[in-house]
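Look at the two complexes coming up: chain A is in both, with chain B in one and chain C in the other.
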Partner chain A sequence: MTAYLLRRILVLIPTLFAVTVITFFALHSAPGDPASILAGPQASAEDIANIRHKLGLDQPVITQYFRYLWKLLHGDMGISLTTRRSVTEMVVVRYPNTVRLAFASILITIILGVSGGIIAAIRPRSILDNITTPIALVGVAMPGFWLGLMLMYLFGIKLRWLPVAGFTHPAWSWAGIKDIIMPAFSLGFLGVASVLRLTRSSMLDVLGKEYVRTAWSKGLSEWVIITKHAFRNAAIPVVTILGMRMGIFLGGTVIIESVFAINGVGRMVLRSILTRDYPVLAASVLLIAATFVIVNLLVDLSYSVIDVRIRYD
Partner chain B sequence: MTKTTSLWQLQMRRFRKDRLAVASLIIIFILVASAILAPLIAPYNPTSQRMVERRLPPGSSGHLLGTDGFGRDIASRLVYGGRISLTVGLVSVGVGMLIGMALGLIAGYFKRLDNLIMRVMDILLAFPGVLIAIIVVAILGPGLYNVIIAISVFSIPMFARLTRGATLSAKEETYVLAARSLGASTSRIMLQHILPNIVSPIIVFATVRIGVSILNAAALSFLGIGAQPPLPEWGVMISEGRDFLYTSPHMAFVPGLAILIVVLSFNLLGDGVRDALDPHQSH
Partner chain C sequence: MKGKVTVITGIVLLAALLIALPTLARDPSTLVYGADSDVQGLSPILTNDRVSANVMDQIYDTLFVRDWDTMGIKPSLALSYENPDELTWIMHLRPRVVFSDGTPFNAAAVKFTFERLVDPKVAAPRASLLNMVDKIDVVDELTVKITTKYPFGPFPAILTHGNSGIISPAAVAKYGDLMHDPVGTGPFKLEEWVPGDHITLARNDSYWGDAPKLSHVIFRVIPEGSTRVGLLRTGEIDFTDLIPTPLFATLKDDPEVTAVAPLGTPIRYLSFNFQRDVFQNLKLRQAIAMAIDRRDIVTALDGLALASKSIIGPKVFGYSPTAEVFGYKYDPEKAKVLLAEAGYPDGFTTTLWYGVTGDYPTVAQVLQEQLSKIGIKVELKGLDWATFLDATRQGEQDMFLLGWTNLTADGEELVYPNLHSDSIGGANRSFYGNPITDELIMASRVNVDQQVRLAALEAANAALITNGAWIALYDQLNILAYHNSVKNLVVNPNQGWFLKGVYKE
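Then we have the complex of A and B:
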């Protein structure tokens, strides 16, 4: 296990390295001169040259890249071209909000998808089972940002049950939970359907197995059989698809944070594109990609927790 | 004389039995027709503003789906917007499919290039969700054409992966060996022998990708980094409607419903085509 973990972590390094190469060089080739943006419209040519020298922009690209990488390894992500503040500071404030949104969405997907799938599997042809396919089809075809706006209209404006925008309360308070319900649902709904269908078919497979019949004949309760005997064995494909969805969730935060005016990394990506604030853009993209890569590793590792037969060595 | 059934007839028969897929095909036909005939169908100019007729609710006389914040007819904008969404969907998937398929064929056929090409694809896939499209837009700048490029780039790795996998297994088939022993050139084997045999799952995937691409393009436009106002793009319309959510929710509701119906149709069509081509694959 330790050897496997080490190997996986070693593979992470070149991937993350490649991500820094792509973001750095892609954004470097983008039009616009950071030095003149930072200097402002009234700056003289000399001022601009000074700033360029100070930021090292007069150095060869390769040198600039390694300087960027060196600083990055020391937690310095540069200076924002619009706010002139440290990018690292800006990111540190916003990152928790994005993580909160992504995980709440995954949680919604798991709660609705897995429990719905189990119920559909143990009560085939029930109403719940029959409505899952249409919901699944609509779920993947629906724009999440539109769903968000419609929920906002219904629950925020008409019924006034939930706040229309922003994370303004502490995460672990009732108000904080109310803040996150609509954004998380808008982002998570897309995944509910596919998780539900997969859980259902995976459970149906397992429920027909001999060990489940044995468990019934031993007189165990339905709850124990479903949760301990059946679901544990049906969970692997479900975890895999959840891991695959994680990327969509992280990418989707960019959209949903904008809909609900959440102060997260995703919204920062968007603002930095519109203002051509490349250091901020590079940092936020890198952060989201790094989160994705690490989550994928955690998903792989969780297999051995769910199924003790899976050993990595 | 016994009547024989060709594979194509068999597939058509299977497809026709799938009512949802046929209905989707009809919806897509209507969409294509209305996009082509937009100037004839649309009752108003999609960008002409009439401030006296601002924010009329759906069902107002002369404006079936109401008007927006500038008094523009929403139904007319919807019809013209269909042109944009269809073009974006078809072009971006077409480009992504061609490039991805070429890369996948090369990677699957030539062992030496396999590692190189697929590692690059893996890195592209290491960017979550639409983020890769967002990065492309960040470099090229906001705008509808750049969104098309961005969405194409976003689909390339998926097509490459799919094609590579299929090529790897097709390469080992007897007919490829036979072609090679007859002295067929490498490009002939790849394009005339392997490609026709692996193309059906790629077509199915492409159909479903059209829906996803329309969805993503609308999202980028909604965020303000795709098509720009006053273009009647559906994502732009939702974004404009967002400012009037309190008073005129129909402005955001209608274009979103249009996206939902169109994307749903392409997805169902993709499912139907898959089941018709290969009934064993269906679930």
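Then we have the complex of A and C:
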């Protein structure tokens, strides 16, 4: 187990290194110049040249990369070109908001997708089964930002049940939970359909197995059979897809954080692309990639908890 | 059974959650503004973006401010100026003014600020604002003498520009730059800053003018226009500006919100890359100008624009209504004739470059359709802002669509950076230069007499319009929307606003 964990963590290093190379060079090869943006349309050529020099942008890209990497290895993510703030400081404020949003979205997906899938499986072709699938499919077809704006209009402006936007309260307060409902739903609803359908088919598969029939004949309650005997065995593909969805959610935060005025890493990504703020973008992408890799490592580890037959040696 | 209990508990919880209404804490001494973007920083020397400028307008003062009623210059940190000769500007400063860190405002602070702005090592984005300054002398505590390299008439107007706001030398010594630790003489000072989320300013009790009525101002970052409108309608923010035009109508219908759209200084124009031979042809430029019906553009923008043929707009020093007469009227038949005379009887194919932001994509589509009617096939090249700014500076474009917000409201700060041959390689993205217009523009710079300058700007404007250097399309209306409880809030033509006199009922 420990050896496996170490091996997995060691693999993280080349993965993240590849991420730094790709983001750095992709961004530098994109047209547009951070100095022009900073200086604005009014600036003279001389002003721009001075800024380029001051920010070190007049150095060859490869030199800039190694300078960046060297600093990164020393735990320094650099200074933002636009705000001249340390990138670490900028990330520390925003990362918790993004994690909060991504995990709340996963939670919505689990609650609606998994429970919907189980209900649909234990009562196949019932009314519940017949309505959950179409609802979930609508969710897939609907872009998150549009759903977000519609929810905002209905629950925020018309009914005034929920705050329109923003994380303005502490995460674990009642108001903080209300802050997150609409953004998490907008992001999480997208994943409900695939999780629901997978849970349903996986459950149907397991429910037909002999040991489930044995459990029924032993006279165990439906609750015990569903949760302990059937779902545990049906859960592995579901957990896997949830781990993969994390990547989609982290990507989706770019749009949802803008719509709901959430000060997160996703919005920082968007802004740093628009302003060509290389250090900020590199750090954000690295962080998102690292989160994704770690979540999937946890998913792999969870297999052995869900299914005791799985051992990592 | 257990399952049912869980479901019921869930339903009860959800219902309780929905019923609990969000409490809207509306503190009458705190004003909340919804900004469309993050604040980059709070140093007037090191920033050049609108949202940062909005915050800094409340923290720093400039030597002079624009009087929008008379279009003249009003005193602020400087009480008056005199010109013993054309190269010398003696500024008499306001006494008994202190920075919010308690240090005195004086001639040394002015000298320090301006020298820092032009220092190449500091690399200020707007260093070129003061590139005519030769030297700055402290005459006494409250008198500063500025010598320019050549006579420079718009000098007082330049000193109204937010980027020339006076900073505390002691604060620079303490903090390095003031990007995160602003210290000025203005009515408010920084209290709290959560980067990317919000900035809270508190009343500066040592402010030299009338004490501000508000105790706090909060700048919240809300990038999405429709979200800002939603927050305004529910009262979670008190005011916002620059919302997308289609949302203006929604706000107009809301009885709790006041939405206004006064005429501003920002102009939107179509121009050409004069490095391309095809655009050297005056008849071709005239044909394009006559193919454009500005009324269609205004309609496409929901009526929230003022069609104008003048490059120097109505809210800018140097405008004259006669400019509208010089402009080419919409006449598609004559445009076709001119195009044939220019040597393109069957039209030609070209590209129109623009940044995909604000109104530009809408306007580009209208222009594409209108130009197609006289046989010009326009391929649209919409680029993200960063790429657009860079590509057009390099001269990759054929035609391009862009705007200019005249911050000083002096026409010189429009025609010199954009249309004088000195500025090619800088902001002059048309690569335009003409000996006659160059001379007229220069006359508006080197004359210290404001009446002479006005005449020079009017003449330069007329010449640039008739020569088709730019085809002015419209002047922007500055949308401002606020909750009815907000009083005394005005947006200036250059999109700036000052909160020192604002209060809530």
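Basically, the second predicted complex is superposed on the first by the 278 of 313 C-alpha atoms of A that agree within 3 Å, B and C clash if a C-alpha of one lies under 4 Å from a C-alpha of the other, contacts with A are read in each partner's own complex, and residues count from 1 in each chain.
Keep this in mind: a contact is a pair of C-beta atoms (placed from the backbone, for glycine too) under 8 Å apart; a residue touches a chain by one contact, two chains touch by 3 or more.
Everything quoted here is computed from the prediction, not taken from an experiment.
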Output check: A:Val254 vs chain B and chain C. Expected answer is one of first, second, both, neither. What do you get?
first
Name the contact category of A:Thr15: first (chain B only), second (chain C only), both, or neither.
first
Looking at chain A, does chain B or chain C touch a larger number of its residues?
C
Could you say whether A:Leu149 touches chain B, chain C, both of them, or neither, answering first, second, both or neither?
both
Give one of first, second, both or neither to describe whether A:Ile157 is in contact with chain B, with chain C, with both, or with none.
both
Figure out whether A:Met90 sits in contact with chain B (first) or chain C (second), or with both, or with neither.
second
Which superposed partner A:Leu274 touches (first chain B, second chain C, both, neither)
both
Would you check which partner chain A:Val285 touches, where first means chain B only, second means chain C only, and both and neither mean what they say?
first
With the two complexes superposed on chain A, say which partner A:Val138 touches: chain B (first), chain C (second), both, or neither.
first
Which partner does A:Ala30 reach: the first (chain B), the second (chain C), both, or neither?
both
Residues on chain A in contact with chain B in one complex and with chain C in the other?
30-31, 149, 152-153, 157, 258, 274
Quick check on the complex: what are the chain A residues that touch chain C?
30-34, 36-48, 50-51, 53-55, 82-85, 89-90, 93-94, 149, 152-153, 156-157, 160-166, 174-175, 177-178, 181, 221-223, 258-261, 263, 267-268, 271, 274-276
Name, in rising order, each residue of chain C that touches chain A in their complex.
1-3, 17-22, 37-38, 40-41, 46, 48-49, 120-128, 131, 177, 179-180, 194-197, 220-224, 226-227, 230-231, 233-234, 236, 383-387, 389-391, 393, 402, 404, 417, 423, 425-427
In the complex of these two chains, what residues of chain B are touching chain A?
122-123, 126-131, 134-135, 137-142, 211, 215, 218-219, 222-225, 235, 238, 241-242, 245-246, 249, 252-253, 256, 259-260, 263-264, 267-268, 283
Going by the contact rule set out above, which residues of chain A touch chain B in the complex?
15, 18-19, 22-23, 26-27, 29-31, 137-138, 140-146, 149-150, 152-153, 157, 201, 246-252, 254-255, 258, 269-270, 272-274, 281, 285, 288-289, 291-293
